[in-house]
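Please read the structure below before turning to the comments.
By written order: A, B, C and D. Residues from 1 in each chain.
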Amino acid sequence: MTKIFSPLGRTMQRRDFLKVAGASAAVAALPAAVRGAEPVKVLLWSWVPDLQLQVDMFNAAHPGIKIELVNAGQGDPEYQAVRAGLQAGSGLPDVVQIEYQHLESFRQLDAFADMGQYANAHKAAFPEATWKQVAKGDVVNAMPQDTGPMAMLYRKDIFDKHGITPPTTWAEFADAAKKVHAADPNVFITDALFSSGDWVTALLWPMGWKPVSRDGDKLVININDKIAKDFAAYWQELITAGVIETKPGFNNEWYSGLDTGRYATWLTAGWGPVFLTSFAKTSAGQWRAADLPQWDTSKFATGNWGGSSLAVMKATQHLPEAAEVAIWLCTDPEATKLYTTKQFFFPCTSALLSSPEWAGNKMDFYGGQAVNEVFAKSANAVTPFEWSPFQSFLYQSMSDEFGASIGGKGTLSDAFDRIQDAVVTYAKEQGFTVA
Amino acid sequence: MTATTDIATFIAAKRRRSEQRRSRIMLTLLLSLFLLYSFMPLAYLVLSATKTNGDLFTTFGFGFGTEFNLWQNLRDLLARDNGVFMRWMFNSLLYSTVAGLGAAILATAAGYALAKFKFVGRNLIFALVLGAVMIPQTALVVPTFLLLALSGLSDNPLGVILPSMISPIGVYLMRVYMEQGLDNELLDAARIEGAGEFVIFRAIVLPLVAPGMVTVALLSFVGTWNNYFLPLIVLRSPQYQPITVGLATWYQLAQQGGGGGQVLFSIIITGALVSIIPVIIVFLLLQRFWQGGLTAGAIK
Amino acid sequence: MVLSNSPAAATRPARSGGSTLRKLAPYLFLGPFLLLFIAFIIAPLVYAFYISLYRDTLVGGRQFAGAASYIKVMGDAKFWGGVWNLVLFGTVQMPIMLGLALLFAIVLDRGQVYAKGLFRLGFFLPYAVPSVIATIIWGYLYGPTFGPFTQMAKAFNLPPPDFLSPGAMIFSLANIVTWEYVGYNMVIYYAALKAIPSDLAEAARVEGASPWQFARLIQLPLLWPAILLTIIFSINGTLQLFNEPYLMRFLARNTVNSSYTPNLYAYSLATSNQQYGYAAAVSFVLGIVIASASYIFTLITNRRRPEQ
Amino acid sequence: MTDVAIRSLNKTFGALEIIPDLNLNVPDGSFTVLVGPSGCGKSTLLRMIAGLEQPTRGSIAIGGTDVTYEEPSKRGISMVFQSYALFPHMTVGQNIDFGMRIAKVPKEEREKKVAYAAGVLKLEKLLDRKPSALSGGQRQRVAIGRSIVRDPKVFLFDEPLSNLDAALRGQMRVELAELHQRLKATMIYVTHDQVEAMTLADQIVVMNAGRIEQIGDPLSLYEKPETEFVATFIGSPKMNLIKTADTQAMGVATIGIRPEHLEVCDAGKWSAVVRVVEKLGNEAIAYLDSEVGDLTLRLVGTPALKPGDQLRMSPRDGHVHYFDQHGRRMAGPSS
C-alpha cells in the first residue's frame, strides 16, 4: 500500500482511507468537541469540474481541516480575481488553481507561499520537467495537478487512403501535408492554431525556445531568435502553400473539421485523446496516436500544453493546512486516479503514468491502441521551460500578432519581430531591466 | 352628372384601390423579407436546440437533425453542473426584477424632483446625469470592480444590482414625462388639501406616472437581463452569475484549449433558447408600455 | 444651508417645520438616486481618474505618472486603430440601422401593410435577445466551413462566403448590431410618429402632398428630436462596442485582436496587461471621444436641421 | 373676521421683480377679483395668499393671523384651479374627500360633507365617476365641491372659467355668484377677463406689471378709471384713446371716450370713414378711420351703416376722461 506522508505528520494508508471515506457521513456528523477543536477552514479556488468528489474525500480523511471549494472562474477570470485580491489585500483563497504558464506571473507579484518544507518530500513523485514547473530549487509554490505533454493524434483512414505513413519528423510532416492536400483539396493535414499562444509555445518548447528568461536581475528577451525564425519559416512555407489551415481552434467549425475529416491530424496534448472522444462521434475508431514529429531524431523532446497546479497563497493564515490540501489533492493515489477516470485529466504523477491500468488502457475510439502510452512517453520527454513573468501579455501579443500575420499582415517571422518589440517595450514599462 | 363621368369615376376609384392594394402587397413583401431576417437566427436557435452535438454541425442549419433531441438537451442543460442553469436563470430574473423596480422608483423620484422643484444645483445635477450616458462602460466597470474589491462587495450580487438601479436615461425620461404629463396644479391642489410632499408623491404622482415607470422598469429589466460586462467583472462565483455570464462561460469553456475544455454546444444552444423565453414573455405582455413611455422621451 | 443663503432669511419669522420639509423635499426625492449615482458612477470615475495618474508596474508597484498615460494614449496606434474600426463600423451600420428603422416605422405608421402587429413585434423581438446570445447564434451562422450559409452556398455550387475574414468582420459585427437594434429604434420612431397629430396628415393631403413629400417635409422634421436621440445613443453604443467583438474573438482571433475596439483594448489592458492606470486613461479618452462625437454631431445637424 | 391683509409684499424671481411692493385689503365676505393682463402678477399674488409661493418680503394675514410662512393647508383657504386639478385616478367622490382623508377626519363626517357638497353642486349621480368621464362644467363643479368641504374662510379661484366655452362660462358665473351669496365667505378670484370681473366682483383689483392700478367696485372702475390702463382694460369694446394737438395744448396727454359715448351727428367734431361694422342685433360696433386715429363706436339697434360710409361725431358731454402724460386721471383740462 502506498504510504502518504502528510505535512501534519499523519500517515494514512489506503485501506484506512477507504474506511474513513465509507464512514464519511458519520465523520462529518461528529461534533467538534470529539475532535478537540473546530476544523481549520481552507478556502480553495478551482474550476476543475466535479472536484467536490476529491474535496469530500479529503475532508473525510482530515477531521482537522475543512476545504471550502469555490469555483471562481476558469483561467483568466480567476486570475483577475486573484490580482484584485492581491491589490486589495483581502478576499484571497488559501489554495488556488493556477496553470503552469501563469505561476511565474504570480511569483512576480509575490503571491505565493513557499511550501517547500512540506512539498519537497514529494519531488520524486513527479517527472522532473513537471516538478520544475512548480519548484525553483527548494522553493515550492504549487503542486502539479495535471499536465499536457504533446503528441500527435491522426486519422489512420485518411493517411492510409493516401498512402501516407505517420510522420515522425517535421520534414515528413511537411511532405505529408502537401501530399494529403494535393490528393484531396478538402483535407488539410492539420489546423495550425496560431492564434493560440499556448499551442505555439508547446511546439517551440522542445526546440529550446527561451522567449523570456531571467539573468540575475535582468530579463533576457529572445522571442524572435533563430529558433523562432526557423519555426516561423517552416510553418510559413506550409501556410503559403495553402496545405494547412490556420483557423482558431475549439469552436464549432474546428470541432466539425476534426470530426468530419477536414483535418488529418491534431497536434495535441495529453488531455486531447479523451477530449476528442467527447465530440468526434462520426470518426470514432479511425484515430490513432503517434509521437510528436521531431526536428532532431537523435534526442526525443516534447513540450507541454495545458495542465495546472494548486498553489498556496502567501496570504494564507494556515500554511500547514493549505499545503496539506494542495499536496494531498495532487498526490493521493485515490484522488489522483479519480482525475483520470472522472475528470479525464492527464495524470502527472509518475506512479499513474506508469500504471498499467491507466497507460495500458486500450480505447476503441483509437482502434484499440493504448494511446496513453504515447503521451506518457511524451510526459517523460518534456524539456524544461521558463515562463515569463507576464505570460498573459505575452500570449496576448502572440495571439494578436500571429493573427495579424495569418490575416495578411506580414509573415510569421515578422510577427515574431513585432512580438519581440511589444514585449521589450512592455517589460521596460513594467520596470524590468532588459538585457 | 352623366353616366359616363360616373363610370369614369368608378374606374378611377377602382384603379386607385387596386394600386393601393398592389403597394400594400409590395410593402408587405418588403417587410416580410426583413421579418425573415429577424426570425432567421431565432429559427436557427429553435431548430438547433432539437439537435445532438453531432447533428449540430453535420446537418443543415435550417433543418432538423437526424434525431429529435430537444428533451434530452433540456435534461442535459438542467443537470449540468448540478443544475446551475436554473440558478443562473433565477439570478437573472432576480437581478433584473430588483434592478427594474428599483430603477423605476429611483428614476421617478429623481425625475420628479428635477421636473417639479426648483432648488440649488438642479441644473448641475441634471447635466451630470445626462453626461453619465456618455461614459464608456469600461471607464466605470474596471474602477467599480476595484472599488468593490476594496469595499468587500466584489462577488456580491449587490455589486451588480445597485449599479443597475441607476438609470440616467430613466431619470431623463421621467423628467420629461412629468414636465409634460403632470400638471403642477394637481400638486398645488394636493398641497392646499394638506397633503405632505411624500403623500403627494405616493398618492398623486406615482399612480399618474405609472405608465412611464413601467417603461423605465422595462428598460432597466432588459438592460440588466442583457448586461454582460458588469456581472462578468463583478461576480466570479457561478452561483451568483446571471444567465449571460453563465452561458458565455460555458461558451468559452467549449472554446478552450489547454485541458478542461468541454463540448457543450447543444447545451449552450438550448440554454440560449430557454434564456430568452422570459424576456420574450415580458415583451409580449408589456408591449404597449414601450410605446407610451418612449414617446415621452423621444418627443420634446 | 439652502435657506441661509437667501438674503431675506434674516427678516423672516420662524418657519414651520413643514415648510422646511418642502424645501428639503427635492433633495430627499433625489437622494436615493444621487447616493447610488455618486457611489457607482461619480466615485468610480474619480477613482478611475486617480489611478489614471499612476502607473502600475510589476517591478516597483504603483508610481505617480501624472499625465503620462494620457500623452501615451494620444499616440497609441492600438487605441486609435480601435476608434478607426468603429468609425468605419458606425458609418456603415448606423445609417443602415436607423434608415431601416425609420422606413419601417413610417410604413407601419401609415398602415399600408398587412399584419402590422406581427411586423412590429417581429422586428422588435431581437432586442429581447441579449447581445451575448445574439453573438453566439450569429457566430454559428457565420461558420465558414459548416455554417448554414456555407452549406447553402455549397448546395448551389457558389463560393462560400467567409463572414469571419478580416475584410468582412466589420460587416458581420455590424449585421449583429443591426439585427439587435433595428426594432428598438423603430419603436422609438413609431412612438414619435404616433404623437404627430393626425390632422397634419390630412392637412398635407388637402395641400396635395404625396406620401413621400409628407414623410420628407412633415414627418421627418417633426421626428428630428427622436432621430437625434437615437443617433446619439447609437454613437454611444458604437464607440462602446464590447460584447460582440469580445465573443467573436473566439471564432476569429486572426481578425478580432485584443485592441479591435477601444473598450476591448481597455479591458485587455486592465486584465491581461495589468495596466490599470493606462486602462483608465484609455477609458477617459474614449469618453471624451464619445462626448465630442455626440457634441459635434449635434452641432452639425442642428445647423443643417430640416426646417420645421 | 376673515379679511385678508397684504402688507409690503414683494416677490422676486432671481433678478426679475414680479411684484415690487404691494398692499391690499380684502374685506371679510367680499368677492374680490384680481384682474389684469397675463403676466401682471395676479396669479403669483393669489399663489402667495394660498401659500404655494413664498413672498420675498412682506406679510400676509388671514383673519388677523400672520400666515406668511404657514403651510397652505393650515391657512383656512381653499383653491380652485384653472385646470380644475382633479386627480385623474380618483373618482369624483374621492377627489372631494381627499383633503379630509389626509386630515384624518372621521368617516361619517366625511361622508356627510361629501354628500352635502354633492347636493349643493348637483353632483350626486357623478360621485363614482372618474374625472375623465365628466364634462367641463361638471369638472368645474367637482373642483368647487372639493373647495367647499374644506370649510374655508377664504376661497381662492385661479381663472376657474377660462377652460369653458362661452355659454357654460356664463352659466358658471351665475352659479359662482349664487355660491358666494349662500356661503358668505371671502372669495378672491383671479381672471384676465374683465367681463367676469365686472359681473362677479364687489371689489375689483386691477393689476398691471405687479402693481395695483386701482381698487374699487365695478361701476366706479368703469366710470372713473384712475389710470389710462384701467380705462382701456375695463369695458368692452375698449375705450377710445385720443391724442391730438388740441388736447395736448390743454395740458392733457390723452383723452378717453367709451365707444358708447361717441355721438354721431352731422355737426360732429371729427370726421371718419367706416371700416368694418359688426351687427350684433341689439347693438352694433363700428370700427372707423378718423382724423384722430382709429375709433370704435357703439350704436344701439341696427344702424344702416356700411363700410365706406362717411360720418362725423363728437364725444358726449360729461363722458370724457382726461389723463396726464403719466397716464393718470385728471379732473379736466388744466387751462
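Some observations on this one:
Here is the rule we go by: a residue touches a chain if its C-beta (ideal position, glycine included) is under 8 Å from a C-beta of that chain, and two chains touch if they have at least 3 such contacts.
Everything numeric in this text was worked out from a predicted model, so none of it was measured.
The greatest number of inter-chain C-beta pairs in contact is found between B-C. Ranking every chain by how far its Cα centroid lies from the centroid of chain D, the top place goes to A.
For the pair chain A and chain C, the distance between C-alpha centroids works out to 40 Å. Rounded to a whole number, the gap between the C-alpha centres of chain C and chain D is 53 angstrom. Residues of chain B found to touch two or more other chains are 57-58, 146, 252, 255.
Contact with two or more other chains is made by residues 71, 74 of chain D. The multi-chain contact residues of chain C, meaning those touching 2 or more other chains, are 18, 140, 143, 146-147, 250. If you check the complex, the residues on chain A that touch chain C are 76, 80, 83, 108-109, 194-196, 246-248, 250-253, 256-257, 260, 262, 389-390, 392-393, 395-396, 399-400, 402-404, 406-408, 426, 429-432. Touching chain A in their complex are the following residues of chain B: 53-54, 56-58, 81, 145-146, 149-150, 152, 154-155, 232-233, 236-238, 249, 252-263, 265. Per the touch definition, chain B reaches chain C in the complex via residues 20, 23-25, 27-28, 30-31, 34-35, 37-42, 44-45, 48, 57-58, 60-62, 105-107, 109-110, 112-114, 117, 119-120, 122, 125, 128-129, 131-140, 142-144, 146-147, 162-163, 165-166, 168, 171, 196-198, 201, 222, 225-226, 228-229, 243-244, 247-248, 251-252, 255, 268-269, 272, 275-276, 279-280, 282-284, 287, 290-292, 294-295, 297-300.
Residues 55, 57-60, 139-140, 143-147, 165-166, 250-255, 257-259, 268, 271-275 of chain C touch chain A in their complex.
Those residues of chain A that touch chain B in the complex are listed here as 47-49, 70-75, 77-78, 80-81, 84-85, 87-88, 90-91, 99, 146, 148, 193, 196, 198-199, 249-253, 255-256, 259-260, 269-271, 275, 278-279, 281-282, 305-308, 345-346.
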